[in-house]
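Each of the two complexes below includes subunit A, the first together with subunit B, the second together with subunit C.
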Partner chain A sequence: MTYNRVILTMTGLALAAALLLNFITFQPNRIAPGQEISLLTAAGLPATLLLMALLGLMAALSWRPSRDRYLTLLLLTTLTLIGLPLAVASYAHQHLPADMPYARVGLGSGFWCMGVFLALLVVETSQRLAQQYRLVGMQWLVTAATVIGLWLLGHSGALDRLSLLQEYSQRQAKFAAELQTHLLLAGAAVLIALLCGIVLAIAAQASVRLRQPLFQLLNLLQTIPSLALFGLLMVPLSYLAAHSPLLQALNVRGIGWAPALIALVGYSLLPITRNTFVALQEVPAQVLDAARGMGMAPMQIFLAVRLPLALPVIIEGIRITLIQAIGLTSVAALIGAGGLGTFIFQGLGQAAMDLVLLGAIPTIVLALLADVLLGLLTRLCHREPTP
Partner chain B sequence: MTTASTRQWPVALLLSLTLLLLVTLSLPHWHGLFHWLQPDSKQVIYNRDGFFTLLGSHLLLVLSSGLAASLTGIGLGLWVTRDSGRDFLPLVSTLASVGQTFPPVAVLALAVPALGFGFKPAFFSLLLYGLLPVVRNTIAGIQGIAPAVQEAAQAMGMTPWQQLWQVELPMAASVIMAGVRTSLIINVATATIGSTIGARTLGDPIIAGLINFNLAYVVQGALLVGLLAISLDSLFDYLGRRLYSAAEGH
Partner chain C sequence: MIELDQVSKHYGDSIAVNSLSLTIQAGDFCVFIGTSGCGKSTTLRMINRLIEPSHGHIRIDGEDIAGLRPELLRRRIGYAIQSIGLFPHWTVARNIAVVPQLLGWEPQRIRQRVHQLLELLHLDPAQFADKLPAQLSGGQAQRVGVARALAADPNILLMDEPFGALDPITRESLQAEMLRIQAELHKTIVFVTHDIDEALKLGNRIVVMDQGRIIQNASPQQLVQHPANDFVANLIGQQDRGLKAAACTTVAELLQPARMPLPSDQPRLHGSDSLKLAVSQMLWHKVDCLPVCDDSGQVIGELSMQRILEQQP
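Right after this comes the complex of A and B.
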């Protein structure tokens, strides 16, 4: 292979997105429809040519790929990913009229598409580096550098005139509170489902008769759309709450945290129970025989042999469940349970797109974070010496 | 034995479909029940659109995006497993698995700044999100075929097209089908939330009920969309079993 077609394609697409789609938007206030501005209009000819040259250089680096060319490519991409928001922010600083305090500059679809193609470029390059040059984990280095770079910039106030940050700074306290609610709801649901799921998996293992109806029921539950389940749970909960002072004292109502948590636990049960069941099932019979032969008690065998051997697959189940719960919790905002979805649906209701982004982007980041961290944990468990 | 099981009536499918039809038709007449649920409001049956209209446009959204996602997804999966597209295989398979960690609601919400409100953003986000399981399963299905089978087909003098149509696609069909099923079931749920971005779906009564504190509306929408999801799931269950017994031979 004399050149890497994927890198060439991605740089080409990034360039096309930057030049053809609207790069930034100008809004007189947060709700008014934005005026779309292309890269050329916003940055002028010299800066546009500079960006084109940069992407051209990246495309050229796809020719006869080597370790050093790939590393240079990653460095250039990281700098671009940090530099672009800074460039837009400084444009905002210079061009926003001083007599319009609510005016703001937002990032347009050209900007976001370019960012996505550059991210794909990082994925491709890191994968090649890992496969061909045994240089593992470069994508995490790039991600960390970009996040730290942008965080420092954001902290220094350089990005303050970007609409997304304006939206955030207006509701810092609320953001922190909703983030906490989101994590609490998703975390509690997964934790409860984990406890119930382990019990159910052990029960399914012990009784063949229970197995089929149990998994059929959990499957059925999983099939029902989240919004429908949230809605259907409102009926019994409103009824119960209206007739029980104790539940009223606990703030259990037809809407709010109670139906959300119950539905989230319901959805979490299938992946956790299924994985735990499969994991326990896959422990080899010889190992269990050996443990029995050593004179271990049944409880001891379960805790000291079975559970540790099953752990990687169980954690994999927790990973799937947590990712799903983080996503479903944002739907729960519709029934008043709070969480980051509040910003998404508020933003959609007010047609305030930056507010939508303020809810959507952190939700995606949370899900990716859960994916990476629990994936890492699974791999750590696998590394432990097996008999 | 296999013939007996294929001839068996798909009880779950027929039951859920009949229930869906019956409930959709009769829901406007359940005044008594919904008055009991929502005693303080005059209007207890959602009437901005007929339930059949909502069911139809919900299905239209899910099936059109599902069809587009399946065709594009299978095409993409096949392309990256051919020589002409193999360079893109690592990127596409990573994307297909990482993309599935994105919450569907977030994808739906992100479509609005780019495409505005209505059918269009809902269609495109369902299409994008629905692509992922199809691509992933197409790649897995093709890669799961034993190399010996491919070599045998080649040795028989089959052209690449013949190999694709007569060997690879039939052998990967059940795995690909499972991907299409996952994609459609997720999209039935996501389309419900599509109401919040202005697509007309069965989520409309639910959202309207949540906004106006009308529990009766919520239940009407939830009941129909739940039945729809179960019907679709049993349909794929049935098709999957037919496909399986066909692959087993006769």
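Right after this comes the complex of A and C.
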């Protein structure tokens, strides 16, 4: 193959998005419909030509790819990824009327599309580098560079007129609190589900009779829609709270953190229990027979042989569950449990899309972070034999 | 010495082992053989209490094992199964060290012992100690399995079809290894197999089992020459029992003094070779007499076809 088709396609798509879609929107205030602005208008002719040239150069680098060309490509992509918000900042600086404090800049479809295509470009390039040239982890370097670039840009105040950041700056304290609530809810739910799940998995493994009803119950739990489950929990919890001073003291009510946590634990139980059960079950019988025959006590067999061999699959279960729980916690905002979902539902209510994004983007970032970190942990546990 | 005294094992209505009595002398290489489901593996696993007998008593050196804690009993008995029984998450060294560690040996002593065992099994310690089981070939993994069973220097070794999954060439080399180790260490070995050639080659006592009972308990020679019934005769095979019998006798047993100087370009036999190999050599080289030499290559006598025929019943 003399040229990399993926890179050529991605640069072509990014170019099309830059030219055909609106780059940003201008809003005189928060809820007024935005005025669409193209890249040429927003960034001016020189900057637009520079972007075209960068994308053209990238497309050219897809020809006869080599290690150095891929690395150059990554560098150019990183620069472009930081350059896009810079263009937004420069527009805001030059064109937003100073006498309109509520005027703001929203990010348009062209901006988002270019971001996505460039991100895919980074994925493709780093995969090639890892597979063909044994240069692993370049995507993290690019991500880190882009994040640092964005952070510096945001910190300098250049992006203050961006609507997303305006929504944020008006709610800084609330954002931090909701983020904490979100993490606490999802984390606590997975932790509780993990403890229960391990006990249930060991029980299911020891007793064949328990196995089927247990998994039927957990499956049933999984099929109830989350909103319905929240609703179902309200009635018994309200009743219990009304009759127990202890629960009242803990601020347990029909709405709030208690039903949210219970529902999240319920949803987390199935993936964790099933993965733990399968993991423990899949340890080869001969290995366990050998362990017994060597004279290991039952507890030693479990802790030294069974659990370590099952660990990668168990952590895989935790990974899936944590990602699911982070997503589900957004819904918990509906019953007053707080979390990042608060912004999403507020934004939907007020037709303020940037407020929705303020809740949605961090939720996605959290889920991706959980995915990466636990995936890393699984790989550490596997201890692949080195040939 | 292992004594089984009217030992039975029932699973509901089915009887796996039926009132079995057997004494295995110290230093014996005792092979249990039979078709699958004949109770040979169950009997072996009752000796280290992986399975508890329904009735009867098992004594080791006169002591009833029912009164011992199973874990402590098992640490005193070597146990080897097919190579997939190695702990996949531990290195070769750690696999071998399992029982010494359970017994609380000093780390220094364990390291020395692991080193010594790897050398005994012809595995270079520098090369193999830190490998994981997945990086070993089938034969190497099985050597590690045998080393692990020998780790705490037990008097008794239980081996449950340890070479069953190996290819014929690797299996033969490991069988030779077992004979060498047994000649060196004189353990009491109980070995389960369904391969009659393996049984005849390894055992000095062969216990043929069927439907949970002992059909015949004899030395390999007796077994081949006087099978107790049709079942044993079929197991040995009717057609090539002559060769099987020859495989059970060594050249050294029929050694004659050399009558005349033999041509030096003739192939030579070793004292430890079987009669089967001697006959094969004679057929191939179309001679009826071959010189026999010792390990240093010195001719110590000869063996003729005449002598072999006289000895066979």
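The definition used in the following text is that the second predicted complex is superposed on the first by the 382 of 387 C-alpha atoms of A that agree within 3 Å, B and C clash if a C-alpha of one lies under 4 Å from a C-alpha of the other, contacts with A are read in each partner's own complex, and residues count from 1 in each chain.
We adopt the following convention: a residue touches a chain if its C-beta (ideal position, glycine included) is under 8 Å from a C-beta of that chain, and two chains touch if they have at least 3 such contacts.
What you are looking at is a predicted structure, and each value in this text was computed from that prediction instead of being measured.
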Could you tell me if A:294 is touching subunit B, subunit C, both of them or neither one (first, second, both, neither)? second
Should A:187 be classified as contacting the first partner (subunit B), the second (subunit C), both, or neither? neither
Just checking: does A:308 make contact with subunit B only, subunit C only, both, or neither of them? Give me first, second, both or neither. second
Figure out whether A:149 sits in contact with subunit B (first) or subunit C (second), or with both, or with neither. neither
By the touch definition at the top of the document, which applies to A:359: first (subunit B), second (subunit C), both, or neither? first
Between subunit B (first) and subunit C (second), which does A:223 come into contact with in this model arrangement: first, second, both, or neither? first
Comparison of subunit B and subunit C by subunit A residues contacted: B
Touching A:28 in the superposition: subunit B (first), subunit C (second), both, neither? neither
Just checking: does A:341 make contact with subunit B only, subunit C only, both, or neither of them? Give me first, second, both or neither. first
The subunit B residues in contact with subunit A across the complex are 37, 87-88, 90-91, 94-95, 98, 101-106, 109-110, 112-114, 117, 185, 188-189, 192-193, 196-197, 203, 206-207, 209-210, 215, 218-219, 221-223, 225-226, 229-230, 233
Which stretch or stretches of subunit C touch subunit A in the complex? 48, 50, 70-76, 79, 81-82, 84-89, 98-99, 102, 131-132, 134-135, 148, 158
Would you mind writing out the residues of subunit A in touch with subunit C in their complex? 284, 286-287, 289-297, 300, 305, 308-309, 383, 385, 387
Given the complex, residues on subunit A that touch subunit B span 1, 4-6, 9, 109, 112, 120, 123-124, 127-128, 131, 220, 223-232, 234-235, 238, 254-255, 323, 326-328, 330-331, 334-335, 341, 344-345, 347-349, 351, 353, 356-357, 359-361, 363-364, 367-368, 370-371
